[in-house]
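What follows are several structures.
Next, two complexes with subunit A in common: one pairs it with subunit B, the other with subunit C.
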Partner chain A sequence: MKNTILKEVSKIVIPFIQIFSIYIIFHGHLSPGGGFAGGTIFGASLILYRIVYGKGDAQKKISYKRLMHLMCISLIFYGVLKGYGFITGGSYIDLFEIPLGTPGRILSGGYILPLNIAVGIVVAMVMYLFFTLFYEGEV
Partner chain B sequence: MEIFSIIMILFLIGSAIAVSAIKNLLGAIIAFTVYSLVMAILWQQLNAPDLAITEAAVGAGITTLLFIFTLKKN
Partner chain C sequence: MKKLIAILLTGILVSILLVGVYDLPKFGRADNPVNNEVAQRYLKKGVKDTGALNIVTGIILDYRAFDTFGEAVVLFTAAVAVLVVLKREDS
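Let's look at the complex of A and B:
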């Protein structure tokens, strides 16, 4: 799309959207929001970049290979960490557990923060993938 | 219930009827976006800001984009 105003405005707006989404993900256990809501907003910023800058520029930043790597690594990370939490949570096995910080801080939720980050990455990539499949038929 | 919520519920019912009544497809998509936005405001009025954020991002943002680009392909 060849529109100078759109390009310049989105150059300013896209970092603020991404910062806001990261804020929502990182404060998921303290305030409203969480992995799904923040990941959706991050995916919306990627979609805006794809619409404004076109296919070539977007493929340099987010290629198909990188997208699949991010999605699969965070999905495996989610499964491993959640399974570890299930194993150590209910039984009497004395394995390592994440220390609980002081309540109210960001590092106080145990497993919730890394799980929220993994969910956010998966949701953002899936939203971008859906949009590109609807828009042009390929990533 | 507050008067604001009643007005929003009336808007919600009106836009939900308009989605199924409008013959033009682009108009129906815009009415569906209005439905989703009013629903987000109502979630916030019902003390569920978590759902309000998700509804505003998914319902009013990405679903509308997917509908419009699918309509543009035909």
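Let's look at the complex of A and C:
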């Protein structure tokens, strides 16, 4: 889409949307929100970028390969961390226990923060993938 | 013939599910299995166990993290299915 106003406005708006989504993901264990909500907002910012700047610029930022790598790596990360114990009958990997910290700080809650980030990446990539596939038929 | 079998199967399935629903405990009674000690425990010890002030996140990402893994896998599977159906081959 060739529209100067849209491009200049989205140049300002997209960083704010992304910072807001990161805020929601990182405060998932302190306030309402979390990986799903934050990931959706991040995906919305990617969709806006795709609409305004077109296929070529968007593919430079997030190519199909990078998108799939991000999605699969975060899903496998989640699965190894939390799904492993259910296959082996309750014996978790001997990971070092992240200390829970003081409730109320951002860096607290053990594995909740990394898991939130993993879920957020998966949701954001799925949103972007759905939009691009239904809109243009290619990522 | 195929349609008749489909209708019959659907009827059987619906009746089985309705029988199952009929056996559910009545809504809102105090001695329902829903009102057990689990909710009390989550509310009382949630912050101490998980370190998360938001109890919803504490439950879905710590007590029931495997369930959330299933949700993420459902999303991933949906994405892969849409990819198979809609992605153009010539790109």
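Here, the second predicted complex is superposed on the first by the 126 of 139 C-alpha atoms of A that agree within 3 Å, B and C clash if a C-alpha of one lies under 4 Å from a C-alpha of the other, contacts with A are read in each partner's own complex, and residues count from 1 in each chain.
The criterion applied here is as follows: a residue touches a chain if its C-beta (ideal position, glycine included) is under 8 Å from a C-beta of that chain, and two chains touch if they have at least 3 such contacts.
This one's a predicted model, so the numbers in the text were calculated from it and none came from an experiment.
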Query raised in the report: Does subunit B (first) or subunit C (second) touch A:78, or do both, or does neither?
Result: second
Report task. Return first, second, both or neither, reflecting whether A:58 touches subunit B, subunit C, both chains, or no partner chain. Result -> neither
Query raised in the report: For A:103, is the partner it touches subunit B (first), subunit C (second), both, or none of the two (neither)?
Result: second
Requested in this report: Identify the partner contact of A:32: answer first if only subunit B is touched, second if only subunit C is, both if each is, neither if none is.
Outcome: both
Report task. Considering only touches as defined above, state whether A:130 meets subunit B (first), subunit C (second), both or neither. Result -> both
Report task. Would you check which partner chain A:24 touches, where first means subunit B only, second means subunit C only, and both and neither mean what they say? Result -> first
Query raised in the report: Of the two partner chains, subunit B (first) and subunit C (second), which one does A:40 touch, if any: first, second, both, or neither?
Result: first
Requested in this report: With the two complexes superposed on chain A, say which partner A:117 touches: subunit B (first), subunit C (second), both, or neither.
Outcome: neither
Query raised in the report: Which partner, subunit B or subunit C, is in contact with more residues of subunit A?
Result: C
Report summary line: subunit B and subunit C footprints on subunit A meet at residues 32-34, 130, 134
Requested in this report: Quick one: which bits of subunit C touch subunit A in the complex? Just the residue numbers, please.
Outcome: 47, 50-54, 56-58, 60-62, 65-66, 68-69, 72-73, 75-76, 78-79, 82-83, 86-88, 91
Query raised in the report: So in the complex, which bits of subunit A are touching subunit C?
Result: 28-35, 71, 75, 78-79, 81-83, 86, 100-101, 103-104, 108-112, 115-116, 118-119, 122-123, 125-126, 129-130, 133-134, 137-139
**Report entry** subunit B-touching residues of subunit A, taken from the complex the two chains share
**Finding:** 24, 32-34, 36-37, 40-41, 43-44, 47, 127, 130-131, 134-135
Query raised in the report: Which residues of subunit B touch subunit A in the complex?
Result: 49-50, 52-54, 57-58, 61-62, 65-66, 69-70
